[in-house]
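Got some structures for you, see below.
In the two complexes below, chain A is the common chain; its partner is chain B in one and chain C in the other.
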Partner chain A sequence: MAATQKWVGQPLKRTEDPRLLVGDGVFIADQLFPNLHHAAILRSPHAHARIRSIDASAALRLPGVVGIVTGQDAAKMTRPFAVGVRAPVKYYCMAVDKVRFVGEPVAVVVATNRYLAEDALDLIQVDYEPLSAVVDPERALAADAPLLHEEVGSNLACHRHIVYGDPDAAFADAEVVISERFVFPKYGSTPIETYGVVASFDRTSDVLTIHANFMGPFILHPITARALNLPENKLRLVVPPDIGGSFGIKTGIFPYMSLVGLAAMKTGVTVKWIEDRREHLLASSSGTDRIAYRELAARRDGTILAMRTRWYDNVGGYIRTPEPGCSFRPIGNWFGAYRFQHLEADANVVMTNKSLTGPNRGYACGHLYFEIERMVDLLAEKIGMDPAEVRRRNFIQPGEFPYRTPSGGLYDSGDYPAAFEKALELADYAGLRRSQEQARADGRLFGVGLAVAVDPSVSNMGYITVALDPEIRGRPGYLPKSGALEAATVKVDPLGRIIGVLGSAPQGQGHRTVVAQIIADELGIAPDDITIVDEMDTFTRVWGISSGTYSSRFGSVGTSAAALAARRLRDKLVRFASYLMEVPPESVVWSEGGAHHANNGQVLTLKDLAGRAHWDVESIPPGMEAGLEATAVFAFPEAKAPDLQDRVNSSNTYGFIAEVMAVEIDPDTAAIKILKYVTVHDAGEIINPAIVEGQIYGGALHGLGGALYEELAYDEQGQALAGSFMDYLVPTAHEAVKIDIAHVVSPSPFTTLGAKGLGESSSMTVPAVLANAVTDALKPLGVHIRELPITPSRLWHLMESARSKR
Partner chain B sequence: MAEPRKVSFKINGAVREGTTEPRKLLVDFIRDDLGLTGTHIGCEHGICGACTILFNGEAARSCLMLAVQADGAEITTVEGLAAPDGTLHPLQQAFWEHHALQCGFCTPGMLMAACDLLRVNPSPTEEEIRTGLSAVLCRCTGYQGIVDAVKAAADRMRSSN
Partner chain C sequence: MKPPPFEYHDPKTVDETLAILGRYGGEARLLAGGQSLMALLNFRLASPAALVDLNPVPELSYIREEGGQLRFGAMTRQRQIEFSPLVASRLPLMIEATRMVGHLPTRTRGTIGGSIAHADPAAEYPALVTALDGEMVLRSASGTRVVKPADFFKGFFTTAIAPGEMLVEVRIPVTPAHSGWAFEEFSRRHGDFAIVEIVTMLTVDNGRCTRARVAASGVGGAPVRLRPVEEILERDGVGERAIGEASARAAELVDPTSDLHASADYRRHLTRVLTRRALTRAALQVRGNN
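Up next is the complex of A and B:
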């Protein structure tokens, strides 16, 4: 027990902010290094082509150019990256003999400055033999489709057919069956800071040091080391003090760590590469576009019995780890918030001539809930029931937690009906329905949408092995994968001040502030007396392959590790104090930053104890380790490897989101106006409400961008159509909405403080709630939203064709 | 390649001089030659606003100008916003209090754009703030904290004048 809890739960101002506000942040592009040279990357203008030859001789002669790297170097000096599927895809850090998407790296120039490096790119001659391209994931599976990887033999990177329960029987029993086809677009969160890598190779120690704004998962460190033919302890990965946003997207930097590392090894100089925005839009990372077919079986009373689904996830030119997470990341919560027990899922992960994909805020959950929540609304419409009532009839009930889903998810805690009713009440759902009636009577297009989601956080690294057939996972000698952990160290300096050390590599989530709040409570001191270091350095931090800031994990796992480390330190301080006081440890309590004897008034403050421990090591009792620091590695006990029935607890805490949105649509221009947007979250205990609110706002706007504006569009030939922020529309303050936010609190039994993650939050619900609201508004026209983004022109066409059919 | 040229301008109150290729962007000169890395680059094509500075008192995108164009100008960057004694500018203070930043990458540009907005319109409505700041992109905050902060700073600046 913390002595007196007073900092956790407060909306403390962030300690991160003053530096950032005065321009003293240290981002990757701001860092200075000796012997620094600059790289520019030549990229493929073709979606699909064979490289006949590359002539870089003129570029190499340009004064200031110190070296050029091409696919031949990559083939000689590196290996393809490992990925968790069986298809033998050879994905190197740059094109070797073929290019498979527009923007794929073809050559790297290293020069004394970036301007010169870019000049040199113009002098490189590449002879391409263009090949026909394919961008549609269903089309790519046709027998006559262009083949991207000859050695794979088809464009299918991974296929799994997974059945839970007995969906056939459930469908046979159903009174109502609904089916629909959905299209989810390719979009990415486009952090305002692009990728950046600085690499240098020390020939005497053979250590390659890479600085990069990479945020995990750190499984990509051994994968990068292996690709560079380096032992893992010869690859030092250092993350700068500040990262300018990621939202999952910066996971995709690891091939560039390898590419720039290769350039440093080949040229012998320190090489810096800062991605420009065009490169980012063409060739960094995005979520997958997906075509999905879904069927739902139900009874006429609204009870959902089963679902069937088949989807095609488009991972672009090469499947890149951690894909096929796009298909399997939410496997434990494939059933959403509902009690049905039968599901058939057919996952197809397809390679086409588009850019590569990976985690993007809400990873795979935006897709999942868009489909599930649209289906629930379709059911409501079909049986003539209010969509709120249909949800009520299917929710997992509060008494059922921890709840095991048929796919193996272990929902830790929740009260879905309470959160849902709170959202309805906050939105005045009944009042919105009355306004709708009035609006419809006036001929206006007014709609109300609902959506709920189970919000998974802290991915279990084992989930990805579901991509392999159970037959493979069941073989003798197969090494299973599992787990999710994070480490923290808390130490006392010689004068009694605290330093907390994390390796979490945050990108704006305020870990320093949050961890100071936690340690302050555990040790009974003020956050101002605590300094938190959160930069990652693989040579000095305690870390595991799951470390990093992604999958909303810090709120659950990082805070647990920090609290645990502080408690360990406190226990040691109490034992040390009791020895000095010559009393049994049970008679000493820790409070207000010191050890107090329960009866006799004796006090030893943190400062006293620090002084003794540091300056008079002899005072440490026999059997106690010297030094005042504690490290905790917190690992979730339920993060097990998938079983042979493909059941896996794919995440470790599961929050809940319930949302209501009201919209009005202009009948002439198809412009969508959001009139009300309510979101209720259950993220367990909240440590800093201001930071939580900021995450919800940010997540919601990512969802809104993807649902309304953002699309990394391609033409049929695989030409990228969005190469700048003029084509790729990011919401501005003007498009952003005001949100009514409320919380319910169901503490997680699995975390130290009862907290859950919520970093991805409403990014996974907004596409669903918006599609439901727009469909509801257009009920008089019979328009259904099946495809995102709902751009004004797309919506206008839907409305026009509906009108012309009337 | 064209001959390097001399350029001299006042930045955050001090005259700075340098030599630069005529093609060098102003933002690169500010960051790399002058070492003022608070001004950020997010797109280099004039949309994201991360590179916004005050150029002769008005907000401008330093990625769309050449360093040589700044000869003789007066420039303020985020480093010049706080008082010399370190007291934060009311906008900086309000950003801190209203959780108007997460990663902080857009923040310098956002602050400079907000300065310009409040110079032109010292008591903007929420709608005017949203429009005024739509020239700077933020991907973290959903903008609400920023809008609240600018409103609070405007109130504070008016009442202290």
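Up next is the complex of A and C:
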């Protein structure tokens, strides 16, 4: 039996913080290595050009330079990265014959320090033949568009047309049909710590050791090993003690692991590369910009019958793993929180002359809910119904869980109406509508927005294979992909204190704090007696191809593994104690950090048992393995490969978000003021409410960035316009809004503690709720928000053109 | 983002500084608070042969009142200005402007001389000295000259400072009696360079606007004094109608460009809106002060 929950559920302060606050954190740039040299990367100034030649001779002569790597080396010593689409895209760790986006690596200089390495970059002569560029994903599919990859024959990296149910019939029966075009911007997360890689190659053992602030390993370890022509047991990935944020963006570090690894293999020295902010904004990773067309079929009573959607996801110059996740990661929750059964989706994943993309907090869900929730509001407007009522009429109901969506998602638990009503109540929705009436009577632009989302976490890595036609997946010999697992080890020292070892690589999420809470409860001890080790090392940790800290995995899969490992250890302690007490195990109860005989008052504490097990190995009973440690690998039971009808449970837990936002718009400047913002979450059991709240604040601010400020903008010729923080605007503390947070708890039946992931949270809803609120505020003018970010200048133009039409 | 090689000098006096500048014949850059220059160096957008660090030159840091002006040593930190009792009593508009310069940490390093010599077209201090008809004091080995804003700001990041010359002092007239003022700025985020900013100071004596000062910035390569707007106010007073006319005129006078953050049309529109807001606030204040 689990001990009473004393620590889980408490807002414990993060044990990670004191170190960080006093400056004792150890990030990759802080780490010391022998024989260390520094790399600088020459990057393409062109969006699209052929490389005629590279002359690095003057750079090589610069004192302090020990070697230079170019695309010729990459072509000789590495292979293109594997990617989950059929298009034969050759994506190496650096440009080989062509550059396809501004910022693409063209050469690497290794020198005794970074200053010299950058001086040497200025001496490299590259002869480019500029080619015309394309940045718009629809334009890129035109017959006369510039072609990025000749061997692919078009700029389309992947296309899938997927139908669930019978949308044609539903549209034929519809009383109301709505259609709209949406544009979602390209933005990232700009973690405070940029990418960093240190690589060294041991020529006697042929082991390449890569230190990187990568929250993997997951599928990217085998992909990197393969690109470097290394067996996987010769590529060691070590993660530094601290990582300064990722939000998915650090997934895009793996090509640099390969590039810096290649530099180390070629030069024979240890090579360090720390990405600077300009490099980060030009060439790290971001979410895709997307153009989407959506149609909705409904009845006049507000019942949604079906949707049709066609989108163009822009993955930049090369499709890079784990793309095309941009199109398919939310496949199981493509239907959002609603009961409709018919959907037609036409996914187009397009390559253009922009930087590359990948997971960004909320991976593709910001796009999804911006579209769905705008459509629901459009329906409400069309049929003259309150948007809250339209949502009520379409929610999946509490009695229906676990709920199977037509696309294969298995929503584990939830009470959407309860969470939604809680949000409305907290926001005083009726009061806001009255304020709005008054404001409109006064000529003010006051709006109220609603948005809801099913918040998926712990992706099932099998989802990505939906990118392949079922015909391919159905072939004999095809190796299906599936799963979501994580490992944890709990061990006891000779004095009965605990060390917990995780398979995760946190970037600030507080895993040490949370796991100590869990183990403390399972073993009936205090978190202070537990030390948690979370530094991933692929040579020593237990891990699987889905292991890593991404997709909000830890809150459900990592915590489940830790709890299971502690339970396994506790069972062993009970069996050991019963042997020492010479009583049957059933008569021994574990509580308060010790084994208690149910009747005779005999107690053996954890310390007693640890001392015996470590110092008197003889005392271990026959048939029991020596040693006091347990490892558990937790794998979700429902993370199956997609079926031939493209149905897949793409995530493993599904939380819920309901939000209300009130805004007022300055009619003169078009400035948006957020007056109220309420967010209600259902993430199942909450392990540490303080950490959960931090995630919600961060997620909301991320969403605000995408909705109002952030855009990796390009001009028509593919020149990047946001190369510094003067032009790429992220919200700061000044822009943060007051957030009213509340929770509903629907425990997940699939996780050990009933917890679900929540790390992406409101990043996926704020673009939707803000667009709905602004549209509602501008109802007197008839302005509809179809495109983000809503900058004051853009909004003013929309308002002006609406005014001029009146 | 590491700077190209440069020589480094840390003179202790202005004379020493000028001697070093003379040796490099225009190839040296002066380092003040470093809030813009260090970024330019790290981006390799500037590659001077030498950096001459003004931080060890104590004679360049002061605030004093003289000849009806506040006089600021070029190395006076923005943070010193923000908290100067003298500035608060003689030129409160400058406190208002200073609070919009970057953020607290940048203001502790940033200097008035650095901001003005860098001449960002949307920065606060260039707009302020332009509106209030301040003066820039430039010194070189051959002497000292005093330059007016219209002659000093030549366009995007360009000033009248000649090779071998340095900005040593900034002079701004103190607030006249019977005045009201306002600094209206619109930016996408707090602390950013403005999309548009309007600075105004109105002097109203016995119901007559005897002196109007209005400048706009963010609407071209350099801040612009809007003399025709001032004339409307000096002729017609600071009532609602005159302010409306003056604001419309302001929008006609500026010639903004489009960029990532705002279109030219929007900037022109904001010029009108912010001029109206600034004048309305200043007029209200002058009524309160009279």
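The working rule: the second predicted complex is superposed on the first by the 805 of 806 C-alpha atoms of A that agree within 3 Å, B and C clash if a C-alpha of one lies under 4 Å from a C-alpha of the other, contacts with A are read in each partner's own complex, and residues count from 1 in each chain.
We take it that a residue touches a chain if its C-beta (ideal position, glycine included) is under 8 Å from a C-beta of that chain, and two chains touch if they have at least 3 such contacts.
Predicted model only: the values in this text are computed from it and were never measured.
Considering which of chain B and chain C touches more of chain A, the answer is B. Once the two complexes are overlaid on the shared chain, A:Pro792 sits against chain C while remaining clear of chain B.
Legend: residue contacts after superposition of the two complexes on their common chain; A:Val22 is shown touching chain B, with no touch to chain C. Once the two complexes are overlaid on the shared chain, A:Ala700 sits against chain B while remaining clear of chain C. Once the two complexes are overlaid on the shared chain, A:Glu118 sits against chain C while remaining clear of chain B. When the two structures are aligned on the shared chain, A:Arg803 is found in touch with neither chain B nor chain C. In the superposition on chain A, contact of A:His734 is made with both chain B and chain C. Applying the stated contact rule after C-alpha superposition, one finds that A:Gly508 touches chain B and leaves chain C untouched.
Look at A:Asp668: by the touch rule set out above, it reaches chain C but stays clear of chain B.
Shared-chain residue A:Ile691: touches chain B; no touch with chain C. Shared interface residues of chain A, touching chain B in one complex and chain C in the other, are 115, 276-278, 724, 726, 732, 734.
Listed in rising order, the residues of chain A touching chain C in the complex are 40, 114-115, 118-119, 122, 276-278, 668-669, 671, 709, 713, 721-722, 724, 726-727, 729, 731-732, 734-735, 791-793, 796-797.
By the touch rule above, chain A contacts chain B in their complex via residues 11, 13-14, 16-18, 20-27, 29-30, 115, 189-194, 242-245, 247, 274, 276-278, 507-510, 690-691, 693-694, 696-702, 724-726, 730, 732-734, 736, 738-739.
Touching chain A in their complex are the following residues of chain C: 1-5, 39, 42-44, 186, 188-193, 195, 260-263, 265-266, 269-270, 273. Listing the residues of chain B that touch chain A in their complex gives 21, 23-24, 31, 36-45, 47-48, 50, 77-79, 81-82, 88, 92, 95-97, 99, 101-108, 111, 129-131, 133-147.
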